[in-house]
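These notes open a run of structures that come right after.
One chain, subunit A, appears in both complexes that follow, with subunit B as partner in the first and subunit C in the second.
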Partner chain A sequence: MTEPLVRPKRKNPLQRTRRPLSPQGIRSRTAHGLTAAAAEGRFALQVCEDCKTVIYPPRDCCPSCLSARLPFRDVSRGGALLAETTVHTSPEPYFRERMPWRVGTVKLDAGPVMVAHLHGDTREGDRVRLELKLDKSGSAVAIALPEQDTPNMADDPHLREMTCDPKFRRVLITDGRTPVGQAMAKAFADAGAAIVFVGVADAWKPFPGLDALRKIAPVEIVPLDVTDTESVTEQAEQNGARIDIVVNTAEHVRSGGIVDRHGLTVVREQIDVRYLGLVRLAQAFGPILRARGADGVNSAAAFVNLLSVHALMNWPAYGSYSAAEAACLSAAHCMRAELRPGGVKVMNVFFGPLETEWFQTVPPPKVAPAALARGVVRGLQQGVEDVFVGDIAEDIRARLAVNPKALEREMATS
Partner chain B sequence: MSVDVLSFARAIANGQIRVIDLTQTLSQDFPTIVLAPELGQCAPFRIEEVSRYDERGPAWYWNNISLGEHTGTHFDAPIHWISGKDLQNNAVDTIDVRKFIAPAVVIDCSNECAADPDFALTIPFVEAWEARHGKIEPGHWVLLRTDWSKQSFADYANLRDDGAHTPGPEPAVVKWLVEQRDVHGFGTETIGTDFGQGHHFNPPFPAHFYMHGKGRFGLQCLTNLDLLPPKGAVIIAAPLKIKQGSGSPLRVLALVS
Partner chain C sequence: MAAGAKRKSYDGVVACLPVTIPYRRYSTNSAQWWLGRALRELCKRAKLHAADIDGLAVSSFTLGPDTAVGLTQHFGVSPRWLDHIPFGGASGIVALRRAARAVQSGDAEIVACIAGDTNHVDSFRKTLSTFSRFAQDAVYPYGSGGANASFALITKNYMNLYGAKREDFAKICIAQRDNALSIPHAMMKKKLTLDDYMTARPIADPIHLFDCVMPCAGAEGLLVCREDAAKALRLPYARILSTIERHNAYPSDPIQVRGGWAVDISDLWSMAGIKPDAVDFVQTYDDYPVIVMMQFEDLGFCKKGEGPDFVRSHTFTNDGSFPNNTSGGQLSVGQAGAGGGLLGLVEAVRQLTQQPLGSAVPDARNGVVSGFGMINYDRGLASGAAILARA
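Entry: the complex of A and B
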């Protein structure tokens, strides 16, 4: 049974913050097929198109029939832990700090034998579930979990290295004025976050939900306006060193296209709130997050982007909104590269129309703010990089994968 | 009569004429007018550092700023309102520059406003003021001292479920000030020249409608009106020369002897 995590003691302010280290993260282009699966929480291995052999480790031709047609496919996660060993010493600086470390070999039901990190609740001979996770280097590794959930299993130190579990972490919700921001605050409180900082811009402007927000125990309301560089900088200076997860809930949803729009005011606001807001947050909080990637139980863990799925394909009915979201998606890719040396994940959470005022005229299915918030927390607990919440998001992603041009045409009339 | 501009300058320098700043600091958090969110919005003041003696400019510090024409302490030109849209020289770049310097009367209703944020200025109130201080001469700014500039931002904007609750003039008094007193313009400490609930008046937003309809001006987000005498101050309010500008943030100064 996993020893439950205890709330970390207050950090000694005179203690040096250890610099983050990463395990070796170089993978072949083919092996990044595992990274793609891990990023979404899927378990996928190469399956030979010609002889159906399931292949591990990733290869460029099938070891059984020499075919080069080896796409990654989701396969069964089940297997048996054949053998385990405990590593007590390593020349790798990352592992040296984390000894002892258990690894083992797992005979997958799907066929191959895989080398995997081992959850503390697994024993040699056990049935296990394999998961692909992104380690601190951002590359995929396998970890064997007990077949059935065990108490406190998320608190396992090996597993927690690969996830961004909010438990005992300190979170910043950048905009608490919106239903999404408020649902997010509640979800993080429920997930055991130690402090939930909630940013409120223009405190002189009343907004619904403030009283309920104040009643959530770990919530601390702080002044924050993502359109104001000084405000973002000041908040990072004040609290940046004790914020482990940033969730950017600032939104600017308006219907209307690019041609069919009168003037630039709204477009400029969208770019200012969304793209420039993200850049301001990234510049203010990114360096501190990156420096604190190995700062104990409540190390910096993640920067969360909430993105319309129309960042992936423009929806002309909300055309300029989609374009601003696409800018944020591109920025997120840059941030991933920049924050990875600190072991800090950038998690993109894609969603379709929300059950909120600015999507009033859009028919269901729509995503409730609470469902989006649950998706965010679940994604962090899993340690994934890309999350799709709701039917529309899943649908757009599937159609995009099959035929982007068809999707482009279809969006024009939807 | 010859006027000696240099003695005027000397009087400023030696303090015989006091200069009072009626301007709020342009800062990011100062409230900007709020409209329904589907309407176009006035941009708040924003400032981005270009360089500060660093690799972006080693020996100099400067900023880029962005803001709306109606952000912070600002001037309203007649073209701002539909009632003034067809007047001659109705934009900040074409207004006769002599109009940027004019005397002012200050009507103190701070006690009334402290008791009631929905205090509305009426003709009888102004007549009572005139009974004490004399008739308002043509060509004067009428500045409404409410002490609203001393409020917290939340109380300053005072937004409730049914909108803003801030003091301002009734329609009749604005029309009367323009037609019977030939005033230069109307200035307030509040976010706009109009009553907070002025959209319910007929016409809506009378300070804008009547003042700008007759080519008069507006000043809002003023401060330090409590330092001015009821009569005798001269206001220097020169907006930026924005091409066809509807208004402009500006430094408003009062000269008091």
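Entry: the complex of A and C
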């Protein structure tokens, strides 16, 4: 039985903040196939194209037929925990300060044997299910979970090291004026967040949904304008040290392309809200998040980017919008590298057209703000890095994987 | 696979001149320094110039970025036969086999087999984290317990399957410590009691402190040459009756319960022309005690699963029944990196040439030496064994 987490008390301001450490994240290039799967919450191992042998640890040559065709494929997660050990000493500082640490040998139904981290509710001899997770180093590791869910299982300390569960964490939603921002506040409150700071620019301007927002218990409305460097900096100074997850909900959706647009006004605004807004947030909150990556139960955990799936492939009908989103995606890759030393994840959540006013003319399927918010919370609970929400997002991702050039042509007429 | 050509015997090839450069817990010197001490000691005691040694086999973990080739220039030697054997605990047996064939075929006259490592304060962590690609990808990120954690899983599984108890492993460790008490350079100098063993701090359950070797700096060496060459040098020698070597055996065993010895065991005994009951001592590879128990089984002294009973029925001390690791093994003298792979061989030659450093096994005529090494992912991959005899 997992001991349920206790809501952490207010931090003693005189206490030293523990510096974040990471397990060793170095992997062979091939082993990062596991990282790719873990980033999306899949359980994929190499499967030999020639003889179908499932292979682990990752190899460049099949140990049963010497084939070099060894793509990663989703395989069955089930297995049996044959033997376990509790490690009491380690030369690695990350594990040293988290001892004792259980690991075990799991014989997978799919064939190979995996040495894996063990969830506290697993027992030697039990059936287990394996998941690939990104550990604090950002590289993939396997953890064996009990075959059936157990009470409070997400609170297991080993597992929580690998997820960004909002429970008892404090969240900043950067823009509460939008339906997405409001849905996000509700979803985080439902997920057990301790405080949900909701940023609102120009608070004197009323907006629909404000009353409902105020009624959500952990919500605290704070002044924040992502287009104003001073406002962002002030908010970080005010509350930065007690914000564990930042969700950037600032949006700027306008239709129209690049050639057939007169002037730069809209494009400049898009860049200011989306790209420069992200840079302002990253500069103000990033260093504090990174420093607080190991700060107890409510350590800093994640920076969430909501990105149009058209960041991955431009949609000319919303061409300049797509381009601004692409700039944010590129910035997110940079932020990942910069926040990783703190064990802070940058989660990119890709969505198709939303069920909101700015996509009024776009035919369905569209993503309801509440569905997007649920996708964000679920992604954080799983500890993944890339999430695709809705049919359009999944569709674009699948088409991109098959033939990016075909997708580019197809987007011109959609 | 059909049986190949009958293996040629090692008649006329001998092992001699066992040397040990006394171990130190930590050393600021390099592996090159330690291996150089071993080679010099061999030359000095054989009254040879380094140039007379025309074959060199080297084993070391901490030599990087050098290999045996770089060492030739470092040492100013010009061998016509050179081997680098980075096989950890199996490297001694492998070096012996290769050197013996080189000498037998005339590719070399005198081969110096040297093995050793330094131990800096941070060597242990560095060796663990970069030990192998599979260790880096699939073991080290899991608690970073290193070999302790890997062997803990092997030990736990063996206990579950065959009913071995911690007391059984204790007996192996305590007997080895008794054997080590007369060895001057042993890292562990105090008698080990059952209570000490049982109450030691846990390292990775069920492995506790005294199941683990102590990493240290040191080097071991010996010469392999023709019998007439050893006679001319007036060096006492031991004969090589048989050897085996096997890598990555039984890959489909989900957890290692046997080593490669089991594949080739009939070959080992038939080539030697003796039976297990003619053996006066064994030098097993003792990193960790569960592997010692597996070797008793896989080398043919008892059946698989009978290891615990076998342990309960012997003393393993030099003055008792079935002497095992007669100088105390790595568990007592320390693990000088790859030197641990040569330790058993060096001690076997000492016992068979009546020049033990510590207590002697009375009237030792035949000895088995076993090597095991390289826990690449979840199991030791390399295993080998040799039977040596008094000349």
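Here is the rule we use: the second predicted complex is superposed on the first by the 414 of 414 C-alpha atoms of A that agree within 3 Å, B and C clash if a C-alpha of one lies under 4 Å from a C-alpha of the other, contacts with A are read in each partner's own complex, and residues count from 1 in each chain.
The rule is simple: contacts are C-beta pairs under 8 Å (C-beta built on N, C-alpha and C of every residue); 3 or more make two chains touch, one makes a residue touch a chain.
What you are looking at is a predicted structure, and each value in this text was computed from that prediction instead of being measured.
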| Does the superposition put A:355 against subunit B (first), subunit C (second), both, or neither? | neither
| task | Considering only the touch criterion stated at the top, classify A:206 as touching first (subunit B), second (subunit C), both, or neither. | result | first
| said: Tell me the contact category for A:155 with respect to subunit B and subunit C: first, second, both or neither. | reply: neither
| said: Applying the document's definition of touching, compare subunit B and subunit C: which contacts more of subunit A? | reply: C
| said: For A:121 in the superposed arrangement: first (subunit B), second (subunit C), both or neither? | reply: neither
| task | Identify the partner contact of A:85: answer first if only subunit B is touched, second if only subunit C is, both if each is, neither if none is. | result | second
| said: So in the superposed three-chain picture, is A:269 touching just subunit B, just subunit C, both, or none of them (first/second/both/neither)? | reply: first
| task | Considering only the touch criterion stated at the top, classify A:107 as touching first (subunit B), second (subunit C), both, or neither. | result | second
| First (subunit B), second (subunit C), both or neither touched by A:229 | first
| query | Do any residues of subunit A touch both subunit B and subunit C, and if so, which are they? | reply | none
| said: Looking at the complex, which residues from subunit A come into contact with subunit B? | reply: 202-206, 225, 227-231, 263, 265-266, 269
| field | subunit B residues within the subunit A interface of the complex | value | 28-29, 31, 34, 40-41, 44, 46-49, 152-154, 156-157, 159-160
| field | For the subunit C and subunit A complex, residues of the former touching the latter | value | 124-125, 128-129, 133-134, 136-146, 148-150, 152-154, 156-157, 160, 201-207, 251, 254-255, 377-378
| note | In their shared complex, subunit C is touched by residues of subunit A numbered 23-28, 31, 56-58, 63, 82-92, 94-95, 101-105, 107, 113-117, 124, 135, 137, 139, 141
